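In the two complexes below, subunit A is the common chain; its partner is subunit B in one and subunit C in the other.
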Partner chain A sequence: MSEANTALSDERIKNTSRLRTALIRPELGGICGTIIVFALFLIFAGDSGMFNSQGVMNWSIVSAQFMIIAVGACMLMIAGEFDLSVGSMIGFAGMMIAIFTVTLEWPVWQAILVTFALCIAIGALSGYIVVRTGLPSFIVTLAFLFILRGFTIYLPQLIERRTIIGGIDDAAEGDWLAGLFGGKIFGGLFQWLGDNGIIATFERGTRAGDPVVDGIPMLIVWAIGLVIVGHFILVRTRFGNWIFAAGGDAQAARYTGVPVNRVKILMFMFTAFCATVFATCQVMEFGSAGADRGLLKEFEAIIAVVIGGALLTGGYGSVIGAALGALIFGVVQQGLFFAGVESSLFRVFLGLILLFAVILNTYIRRLITGER
Partner chain B sequence: MSETQKPIIQMSNIEKHFGSVIALAGVSVDIYPGECHCLLGDNGAGKSTFIKTMSGVHKPTKGEILFDEEPMHFADPRDSIAAGIATVYQDLAMIPLMSVSRNFFMGNEPIRKVGPISVFDHDHANKVTMDEMGKMGINLRGPDQAVGTLSGGERQTVAIARAVHFGAKVLILDEPTSALGVRQTANVLATIDKVRKQGIAVVFITHNVRHALAVGDRFTVLNRGKTLGTATRGNVTQEELQDMMAGGQELASLEGSLGGTV
Partner chain C sequence: MTALIKKIAIAATVASLPALAATTALAEGERYILVSHAPDSDSWWNTIKNGIALAGEQMDVEVEYRNPPTGDLADMARIIEQAAASGPNGIITTLSDYDVLSGPIRAAVDSGVDVIIMNSGTPEQAREVGALMYVGQPEYDAGHAAGLRAAGEGVQSFLCVNHYISSPSSTERCQGFADGLGVELGNQMIDSGQDPAEIKNRVLAYLNTNPETDAILTLGPTSADPTLLALEENGLAGEIYFGTFDLGDNIVEGIKDGIINWGIDQQPFLQAYLPVVVMTNYHRYGVLPGNNINSGPGFITADGLTLVEEYAGEYR
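Presenting the complex of A and B:
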């Protein structure tokens, strides 16, 4: 067609500024927030040990914890649904691993695999209920929040007459799967860094000469791995397009043949998977499971996702943004401690940044859709 | 449309009942490739039921539909899409927050193999989207522009271009101009003209006689679930179509006070 080539520019299309183009990237808020947070703590807590090897490891672990659950929550939110049962799922999964290994004396790998299967099945069930009934996922997963927490408190009391089950670390010794969640990697590298004086080493005691930080915990490896896989699926695959479509407008997506229900149920299962990864890492680290583990984690995950630029209404967001939201979260929580600020003020900060992020996101949404 | 061509869709004496309500009471229409067949009717005339029957959403209670001279029985709308009947609904099936190219390929994403992994071929999707939109006379800022920033007419054009690109033989447009301004309506009508010239049968549903006359080759009027015959271009005036749609009487009494401007 000749017309296609003649009119390549259209006078009705206004040139947009670079700022405006940058603003509609979902990660922008997360990137700015990360820069601001690091700048602030470098100024106010730079000499407090927050940025030596031990301090970095401290806030990295906390951030990685948030990141693992934020990836799941982010992809589910983009698909247009919430999961309020993430925190309870963490407690439940940890308790199941403990009961299987300590009470039933299963090998740890078997306990972990069965727990994963069980929790993903519960995720699928809540997803199935949501798509079949058409109820808001808010209500359905709120029910699961109480159901799972209730079992997490009831089962250990019934079986072991206590609410914390320990002794898993002994059972996990030498287990091939437990190392995937509780171990550390790059020990040799950190030993070398310590030997060469790049990072601090213990000066006395039985571990004299060992580096203070002796490896990257698997928790952090899981977090980075999940962020990469999640981002790839969302941005680079056909299934990722379906996730955006399912959350953007489920009816429109169905018209064009997107299997919306399958996408949503799979995202509920993925969220449950992330929660179980979190729980397994935590249980392997502490060697015990407690009935109160994971309290409020569902909200922390959602806050990280929102700081990362995702819309609560679905259809828009970014896994990288959610990961940056988790990083901000972790750095501020630990940084306030290093800076000597009263830790309860962290909650004030959290509320303020959440409010700010939501207002910013709403504004960006208007920019994208051209609403006034 | 030439006389030697065979109709792609033939519907004869279609009836559709919903319980005790008779939505369609004997409708006969045939659609030829490369024509723009306008289906006119006032609100409640049965237009929506009719196109849903044609696109496989409803099964007719009585009557027969031939598609490519074969009896048509589609189990669900996906079958009819696969056969080449594409419907562009008023609500468009577009997602405002997603880019034009992501919308264009929604449900039909192109795949490129990177080792064992299939990835969304964004380069191909972007290129095809820009080409197809260019053919329709719409210049996008870029394929990553969100659909939400497009005007109503441009969105209609994206939906039409998408249907054409994915091999539609029959394109059913459900009131594509009803919510548009003058300029945008002209764009959509121009798009319909381009699609028709590619040999695709266009079924244009509207209640606006002027829009129908601008692009239509043949005109079928629906009134109270019945067809009042099909007229060809040049053999019918705006007033005649208007009268048939309104059932002949009611509008006549109004016309005096409105000065014949309806």
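Presenting the complex of A and C:
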């Protein structure tokens, strides 16, 4: 029996159990972190309204926001680059939609499409500058952080003499494309849940009797959709392998025929796309664009990605992990409010928990893979 | 391996237990949450924090202060939704952008939480979102009154140092001042940012390129303190007409030294203190004042500075 075994197996291939194979994945740390975070908040904030329908919707939306930008940041980071202009891109994209619809009075669908084209083109430009000059993407996108934020403050000041442009919701009414970003789905289901007393309803006002949560916002649908698409591209396609190769060792990848520059530029464009999705959802929900929208969001995206197990040096990571990182970040951020943590200490807790999550993640990865 | 994870989880639970428990188990009384639009870096809001803390102590109710760390108003909307979900007796909030905040505030009102609008917003907007009342200083009117006062003293041009340009109420202050003077606002308002060194240098640069400027209007300690330093550096301190919104240690010092002509006090203490008192009495005894409360504007000049000086930055 043992002889037959040695004859069949190749001594260069290491035997690993099925369980071990299932566990060696970048998102394992994220999964553990998610379980721990939920357990902690169930203990400390279980009766504070965090887990009623309004509370769940609250942290789900915040997590979904992080998720949308984290997917783009994650794939770009795996390809070995950074984008620090995500936050400014969010402000810029929102402001462009506002200027197109309110000042130029374009139909909303046209404003959205032109904004997407413009922002993806800016993403391509920063990607092109990075691969052409060989400068660190950190510096190039830092420049775009200032350039885009500057325009976001200057343009509305110049055109409307204000820094917040409102009135987009009126223009967006009945628009076919606006509903794809600002609408809600499963309204009937939530109405039914409300009618049957499963979730709370409004007690007074014009909406009395309506459920407090009246549907799943498209923001969440976009987040889940982007995670699925991103994960599929990354692990199931040849292009996904190229992304890993470009971030792992760009020169080696070039020798094997991977179009590294094209991959990187496309990832910059995808990151810009994700930022624009975020901005469009926000503008359609609130009906206005402001010059201060999206401040520091680039760091929140990077934090979510790192919690999710990606390496800052590129070549390693997972979209599912980044999504879990976004979930952890969102739940912790909103959960601390629910747990009643003193507001001036809020950031101390946030920092400690994030640090803990990353350390745990790294430790688990080393323990299992035995590498690095 | 699983034992290790378990160990880490238990360690984390135990470590965070005392801190969390200390903040959740407070007074038995009513619970009120104040949500502001101010970023963490804005020191002026310290008075607001002291105001609600004192009111909470005196009325024996639980009070909390919340704000979006970067001043992002979309984040603030989430905080209001979160505050409503946690089921307090009342929410006290600023209404610095009607488009963004009216939805979450109205949803809070409709789900049975009483709301008072403080500081930013207008009495009309407060009524539209279903709030009990508005406590604050009408910004445009305050700027206008200041403009009329300055016009009476011969001012014809000015520089508005705007350190929070993304909030519409800041522009209203400058616009009101310009209209009070009877001049166009035009390029007389600069976006100074929040960093003291940048503010100082931008003010210096503006005064260098526009030496004919008669007056300076700053919108709070964040822009006033660096402006004071700028004026000391270029020797215009005491020469140029200088008015400011809001108070702080250095502003009070500046008024005393004759560098600042006046400060407009909107009395933020009252904006935080009164809503807690009003709501507690409303919830306990069903009594409610019949109108909005104007906490300002009051002009503070070199006369009668003793109390202001003593409590500047704390309660004034």
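Basically, the second predicted complex is superposed on the first by the 319 of 372 C-alpha atoms of A that agree within 3 Å, B and C clash if a C-alpha of one lies under 4 Å from a C-alpha of the other, contacts with A are read in each partner's own complex, and residues count from 1 in each chain.
One rule holds for everything that comes next: a contact is a pair of C-beta atoms (placed from the backbone, for glycine too) under 8 Å apart; a residue touches a chain by one contact, two chains touch by 3 or more.
No experiment lies behind these values; they were computed from the predicted model shown.
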| item | value |
| --- | --- |
| First, second, both or neither for A:Thr133, with subunit B first and subunit C second | neither |
| Subunit B versus subunit C as contact partner of A:Arg236, first or second or both or neither | first |
| Residue contacts on subunit A - larger count, subunit B or subunit C | C |
| Partner chain(s) touched by A:Arg365 [first = subunit B, second = subunit C, both, neither] | first |
| First (subunit B), second (subunit C), both or neither touched by A:Gly315 | first |
| Touching partner for A:Thr103 - first (subunit B), second (subunit C), both, neither | neither |
| Partner chain in contact with A:Ala252 - subunit B first, subunit C second, else both or neither | first |
| Contact residues of subunit A, present in both the subunit B and the subunit C interface | 368 |
| Parts of subunit A lying in touch with subunit B, wherever the complex brings them together | 1, 3-5, 7-10, 13, 16, 24, 235-238, 240-242, 244-245, 248-249, 251-253, 255-258, 311, 315-316, 365, 368-371 |
| Subunit C residues touching subunit A - in the complex, by the definition given at the top | 1, 4-5, 8-9, 12-13, 16, 19-21, 23-24, 26, 40, 64-67, 69-74, 77-79, 81-87, 97-100, 103, 106-107, 109-112, 130, 165-168, 171, 185, 191 |
| Residue numbers on subunit A that touch subunit C, as the complex places them | 32, 36, 39-40, 43-45, 48-50, 52, 54-55, 57-59, 61-62, 153, 157, 161-164, 166-167, 169, 200, 202-208, 212, 282, 286-288, 290-296, 334, 337-343, 345-347, 349, 356, 360, 364, 367-368 |
| Touching residues on subunit B, where the partner in the complex is subunit A | 78, 81, 89, 91-98, 102, 105-109, 111, 117-120, 122, 131, 134-135, 137, 139, 141, 146, 148-149 |
